[in-house]
Each structure stands twice: as structure tokens, then as C-alpha cells.
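These notes open a run of structures that come right after.
Look at the two complexes coming up: subunit A is in both, with subunit B in one and subunit C in the other.
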Partner chain A sequence: MGALTGWLDEFAWGAFLILRVFLVAAAFTLVFGVVGAAARLSGGVWARLAGVYVTVFRGTPELLVLLLFYFGGAVTLTALARLADPGAGFVDIPPFWAGALAIALIAGAYATETFRGAFLGVAPGQIEAARALGLAPWAILLFVRLPQAWRIALPSLGNHLIGLMKDTALVSVIGLNEIMFTAKMATSVTGQPFTMFAAVAVIYLAFTTALSAALAAAERRARRHLAR
Partner chain B sequence: MGFDLAIVAESLPRLAEGLALTLALIAASLAGGALIAGPATWALLRPSRWLRSPARAYVWAFRGTPALVQLFVIYYGLAQFEWLRETSAWAVLREPFWCCVLAFSLNSGAYTAEILRGAIAGVSDEQAEAARALGLSRGRIFRLVVWPQALRLALPPYGNEVVGMIKTSALASTVTLAEITGVAETIAAETFAPYEVFLSAAIIYLALAWAAERAVAAAEHRRSWPQ
Partner chain C sequence: MAALSLTIMPLKGTAMRLLASLLGAALLAVAAPSASRAAETLRVGTECTYFPFNYRTDAGELAGYDVDVAREIGARIGADIAFVCQEWKGMIPALLAGKFDLIVASMSITTERQEKIDFSAPYRVSIGQFVAARDLNLTLFDADGALMPAALEGVRIGLERASTYESWLKAKAPGADVAYYDSNEAMYLDLKAGRVDAIMTNPMKAYLSFISKPDGAGFEVVGPQLEEEAYFGAGVGVGLRKGHDDLKARIDAALKAMTEDGALAEFGLRHFPFTIHPQAWKGAS
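Up next is the complex of A and B:
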């Protein structure tokens, strides 16, 4: 344990980086989920495309998606750069963005299904009642449909966000210098790999536990007007 | 930059060689997970805090941390302990394959225990009560009444766990194993064709996930309530 003390600031920085990846990816997850659900509900070609998106990103290993994004992005960017300037060197996507986007696309595929189900899960009587009260379609969507869909979606969206938090560990594989990197570096200096990787595990456990507590609070808040 | 189907055609047979290792990892880890889940579920359902708390801590720790971190704790971490390196277990624990199986089994065991706990709790109490009224012993109530119904409830979430394990097995490539993802990384480095190679690998994983979903759906169908 004593070996840890010299590395606490590095671990703190790595943990901060993990949080940043998570927050950026969570924002994209919501966007992908909403767009995906809208596409699935719209019918036609868009619905089928969104269906393929969901199937592919839910059935492929997260690591593979990340590798595809990172190395694929590099090949594409390099090709584009050489179109502009034939002498251009190798260009790659910053691992932060390749990683955040890749794990957000995966969580977004799960969120697509969650949001679609939640949108359809709002009781039809609610919509009818709103229409009977003379609410405009946009007002029905904004004040009746979305708040209730949000309540239905929260528990399973929460699970996907916890999954997303754990997926941030994968970003180390494509070279982002976060806590996994810190642990490797600290191991090579101190020769105590178990201590260092256990520290990473403890950091993640703290993050996922805090996130579950926050999600439980959000669920209570979404249900606060309901009699229990 | 185009999409070179010749590279796909060349990669697929090599990726298929990695398939055997992927399947071995999945099978061994799911089996290991089931072995751990049995006693863990039993402990989760005990009234005694001394049995329940450690089981809860295990489920919490392994569901709350990334599988990659669990794998690294075992693969890189265990070497820290001199005494462990002197035991005969070290011959097994220094093999990346067995490190993966151990890490993935512990991971799967936590999820499976939680699935089984939920399923057993989901069987209505009246079923056990009725069986008790018929004079069945506690062991037979569990074996003949509660367990078959719990199994039915557990199948859909267990299907998700199997698909999850297929995806988790890809992490083995980070500890040098040449399973599908590991082979794909090697080919991608040789050919500089990441799209062709990684998409080919993705197709194999999708086929595996599809097959697993079909198998679980078939098992569910066999155990569905008589209509």
C-alpha cells in the first residue's frame, strides 16, 4: 500500500480524464439514442438503418468497435489529408475522441432501444387527454409525452450509463494515458502490479457506485409526483 | 482508399482460426461462472448476514468494475506475490489463457448469481407454500417446484449474459491471446486495412451473438408455460 502514496496525484489526473471521457461520451450517447429512436419510430428506410445500427453495435465486442474507429479513422483521415497534400504524413484521430465516440455509439445503440420503448410506453390515454384539452402537438410532445417517457426510460438508461462508465477503461487500449496507463507506469517503477491495478479497480468501483446513487436519486425525482 | 474485398476473403480463414480460441474462452468462462454462481446465489439468499454480506460484496465489486481491469489485476497483478509464484498453481496462473478464464469466470459468476437470485425471488411464495402443504421436504420443494420455475425466469437475462461473454472474450487480445480480435489486430497491422479486417471480425462476432440468442430462445420455448 505504501507504494501507492507517490502515485496518488497521477491516479487523480487519470481518474479526472476518465470522468471527462465519460461525460463527453454520455452526452453523445443521449444524442445517438434520441436520433436512433426517432429514426426507428419514423418507419421506412431510416427505421431499417437504425435497426442495423442497433444490431451491429450491440453484438460486436466494444474493443473491436474501438479498434475499428481508431485505426479506421486514421486511415480515412490520412487518405483525406493526402488528397489535399500528397506529401502529407500519417494523421490519426486523438484517442480521446476516437474512444469517446466509439463507446458512445455502443451505448447509443442500447439507448436507441430504451428510448423507443419508453416513447411507445406512454399510455395512449395520456395523449388523448392532452389532445382533448386542446394542447398543440408540440406541447403534447414537450409536456406530456417526453416527461413520462423519460421516467420509463431512466432505469434502463441508467444501466447503459454504468456500462458506459466501465467501457471507458477500454480507451487505454488505443493509447489514452488514463488510469490504466498510470497503473502500468507505476508498476514498472514500483514492481507492485497488484496494488496498482487494484487501485484502478477501486477508482472504478467508486465511480460506478456514485453513478448508481445519482441515478437512483434521478429516478426518485422523476417519480416524485406519483403516489406510492 | 477503397473497400478491398480480396482482403476480407484472405482474412476470414485466418480469423476462423482464432474462432476456436474464442469459443474455448467463452465455454470455459461460462462454465466457471456457473460454478461460482451456484454457491454465491445460495449465500445471497441466506438470512444470515455473515453469508450474505460477502456474497453481496463479491457481486458489487465484480459488477462495478470493468472486466478489462479485472483481467489486468489477475494477469499482471498476481505476479506481485512471491509465495504464489512458488506454488504449483503458478504453472496455470502465468498462462494468459487461464488468467482470462479466471477473470471472466469471476465476472460472469457475479452477473449470473444476481440473475439467479432475482429469478428465485421472482417465483411466487405461494408455489413453495403449496408444496409445503403437500408435505414436500425443503430440498424437494427447491428442486421440483422453485428451481424449474426460476430457471424459466432466468433464461432471458442469462441469454444477455452469454452475449456479454462473447463480447468480453475479445479482451483476451490485450493479454497476447490470438483469438478473433487478436488475429484481426495482427492482420490489420500487416495489411493497413482496418475497415476490411475489423468488419470481417465483427461479422463473426455478430454470427456468434445471433447463434447464442437463437439457442436461448429455443431453450426458453421448450420451457415456456403450457398454453
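Up next is the complex of A and C:
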């Protein structure tokens, strides 16, 4: 364990980085999921577009999307910039945003299906009852459908968020110094892979445990009226 | 109503600021051309995890043979060097996408890679060498550095199965007494135990994982470094995007000078008890 001491600050920065990537990506995941589900439920051309989105990003490996986003994005932006101004130099995508957006697009594809399923999962009787009570359509959506859909969606959404947390381990491939990368650097110098990768496991477990606790609390809150 | 709008306003302000900063970041990303066109900063991609060639110390400093070579090239061609840590998997895509200008990451020159990128002349060799116990006093090579098959009489040689070293020994001494191994570690153990008298392998690997360790005390590299390209490969070069022949020529000129004035030798000796660069300047590939 002594080998760890010189690397603690590097691990701390790496942990801070994956936390930031996770928070930004989680926010985008919710946005992509809600917009995607709304589009799929709307019918018409938007539903088909959202269907393509889900098929593409749920059906390709995370690593591939990440690399395409980062490398392909830079090449595409540079080409576009040169169309406008032939003398334009190299245009880059900041790796933080490329990484967070890429993994959020994938988690968002899963979340789209989760939100769609949850929305459809609200018992029809609930909506009929709301109509019978004379609630306006917006009130039915806001006070009847969404709170119940949220409760149905939470367990599955929690899975996606925990998966998203672990996906942050991929971002070193585009040059971000997250903790897997720190562990590799430390291993290369100290020759103690077990210690270093155990440290990575402890950090991820700490984050996912805290996240699981937060999700459990959110579920309890969503079901509070059902408590006996 | 007034109270309501008051509570909403600050929220709206925050949201607007967030949106503005997001937009700003996106615009900045699009608008900021990199420094590469200023020509005198070269961004160098390296792994940062490959001890002792390119690694980061716990103080956060980059160090190693590749790092020393890249810095020296920069000093000699008058360019500032900025390192970019890049995982191996994405190394060539990152170079092609323009994330950096050079790869100095112990990347072996292969024809497959040469289809996508250019390489400088080698600054590190791919070599084979014998390793044996010091007190065995093995002499396997004549004064000209050629293997004497007769000297292998009664010497059991350990080789990694299906390796380039096997092809080399089969060609040079078809009658040699050989034991084959699937892993280097098993081969080191048998060398230590005396089941084989010598092994033939990559001396850098053997030094790092055996000779420099307590287990390898009393063992050393024996005979010359064997550089035959047909067997061991062309060595390790600086990678760059195709079409930068001018930059390639400047780097090759710097490497030639570094080979000849001993800079490469000194960098190698910082990490190994032997040099690891091509002994004679072979010219640009």
C-alpha cells in the first residue's frame, strides 16, 4: 500500500474528473431520454428519427461512439471550418465535452426506452379516472401520468445511471486523465498493478454506492404515498 | 404575482447563464484553431504509461527515453514540445485527426502502420541478444560478431515459442539444442534454475523484468546486439502524418546528429546498462 502514497493526489484529481464527467453526462442523459421518449410517443417523423437514434446508439459499442465523436468530430469540424475559410487551422473538440456527450448519448438511448415504457405503463384506468374527474389534459399529464411514470422509470433509470458512472472509465482513450489512466501510469512506474487497480475499484464502488443510496432514497420518495 | 416573478427571475438568470456558457464553450471550440500552424510548437502524443520509455513520475513529471528523445528533437529543430498523453488504442487515430503532430511512443515501424502514417528513421532498435549467467563466460560470437554454431555445442538455449528469436536461431544454427517456452517468465525461471544455459530474447525486456531484479542477479547480456531487420524489425521511429516531408527531414537530420554525437546513447544509458539506439546511422526510411 506504501506505493499508493505518492499517487493519492493524482487519484483525487482523477476521481474529481470522473465525477464531473458523470454529472454532466447524467444531466444530458435525462434530457436525451425525456426528449427521445416524447418524440417516440408523438408519432410521425419525430418518432422515426428517435427510433433511429435509439437503434444507432444502443446498438454500437461505447468505445466506438467515443472515438467517433472525438476523432471524427474534430475532422468534421475542421473540414467544415475550411469550407468557410480555406485557411482555417485545426479545429478541436474539447475532450471533456466529447466524452460526456458521447456516453450521455448512449445512456440517453436506453433512457428513451425506459421513459417511453414507463409512460405507457401508467394504468389506463388512472387516466380515465382523471378524465372522469374533469381534469384538463395538462393537469392529467402533470399530476397523474408523470408522477406515476417517474415511479415506474426509476429502478431502470438507476441501472442506466450506474452504467453511466462506470462508462466514465472509458474517457482516458480520448486523453482525459481519469483514474484508470492514473492507475496505468502508477503501475508503469511502481510495478504494482494490484494495488493501483484495487484503488480504482474502491473509488468506483464508493461512487456507485453513494449513487445507489441516492436512487433508493428517490424511489422511497416516489412511492411515499404507497407506504403502509 | 410580483412575488412569484421575483422568485422566478433569479432562476431564469441562472439558466440563461448556463445556456450562454454552454453556447460559449461550443463556439470557442469551433473558433479556436490550434497552435500547430504557428509551426514552432510541436504537440507530441505519447502513452505516459510505458516505463521506462514514457511515463509520469509520482511528482507529475514526464520522463523516459521517448520523452528525452522528443525533447532533444525539439531543442535541435527549434520547436517547443508539448506532450499529450494518449492511450495506445487511439494513438494513430489521434495523430490522423490532428490531436497532435508527432507520435513518440515506442511505436515500432511496420509496413502496416506505414500505410497510414510516416515514420522517421529509427531512434531505438528492435534487437535480439543472448542472456546467460556471468560466471558461465559464454563466448558464442567470433571477433566479427558472427555466431559460431560450434560454440553452441552442449549449450541449451531457451527461446520463446514462435518468436522472431526462434526464426533467427534456426537460420543461424539449425542444430542448436533448444527448449521452447510460452512465456518469458517461465523462461527466466528455468534460466535461473539452470535448466537452460542461455536464453535469446529482447534484452530490454530481459533487463527490466529479470536482470535488474533480485532473481536475475549474476545474469547479463552476452555477445552483440543483433539488429538484423529481416528478423527483428526496423525498430522504433517517430510517427507523423503523411505529407509532412519537410518536418520529417528536419527530424531525421536531428536524429542523425543525436546518433552520431552520443545523445541517443546517453538517453539509453539512463535506463539500461547498454545502449538501445541503432549503432550506425541507417538513414531515413
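The rule is simple: the second predicted complex is superposed on the first by the 223 of 228 C-alpha atoms of A that agree within 3 Å, B and C clash if a C-alpha of one lies under 4 Å from a C-alpha of the other, contacts with A are read in each partner's own complex, and residues count from 1 in each chain.
Note that in this section contacts are C-beta pairs under 8 Å (C-beta built on N, C-alpha and C of every residue); 3 or more make two chains touch, one makes a residue touch a chain.
As the structure is a computational prediction, the values presented were derived from the model and not from experiment.
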Just subunit B (first), just subunit C (second), both, or neither: which does A:Pro193 touch? first
Mind working out whether A:Ala201 is in touch with subunit B, subunit C, both or neither, as first, second, both or neither? first
If we overlay the two complexes on their shared chain A, which of subunit B and subunit C does A:Ala169 touch? Say first, second, both or neither. first
Given the touch rule stated above, what does A:Phe90 touch, subunit B (first), subunit C (second), both, or neither? second
Under the stated touch criterion, which partner chain does A:Ile103 make contact with: subunit B (first), subunit C (second), both, or neither? neither
So, A:Val144: does it touch subunit B (first), subunit C (second), both, or neither? neither
Taking the superposition as given, does A:Phe181 touch the first partner, subunit B, the second, subunit C, both, or neither? second
Given the superposition on chain A, which partner contacts more residues in subunit A: subunit B or subunit C? B
Figure out whether A:Val54 sits in contact with subunit B (first) or subunit C (second), or with both, or with neither. neither
Looking at the overlay, what does A:Leu77 touch: subunit B (first), subunit C (second), both, or neither? second
If you lay the two complexes on top of each other, which residues of subunit A touch subunit B in one and subunit C in the other? 67, 71-72, 74-75, 172-173, 184, 187, 191
Partner subunit B, residues of subunit A touching it in the complex: 55-56, 58-65, 67-68, 71-72, 74-76, 79, 166-170, 172-173, 180, 183-184, 187, 191-198, 200-201, 204-205, 208-209
In the complex, the residues of subunit B that touch subunit A are 1, 60-61, 64-70, 72-73, 76-81, 163, 166-171, 173-174, 181, 184-185, 188, 192-195, 198-199, 201-202, 205-206, 209-210
In their shared complex, at which residues does subunit A touch subunit C? 6-7, 10, 67, 70-72, 74-75, 77-78, 81, 88-94, 97, 172-175, 177, 181, 184-189, 191
Can you list the residues on subunit C that touch subunit A in the complex? 25-26, 29-30, 32-34, 36-37, 48-51, 55-60, 84-87, 89-90, 93-94, 96-99
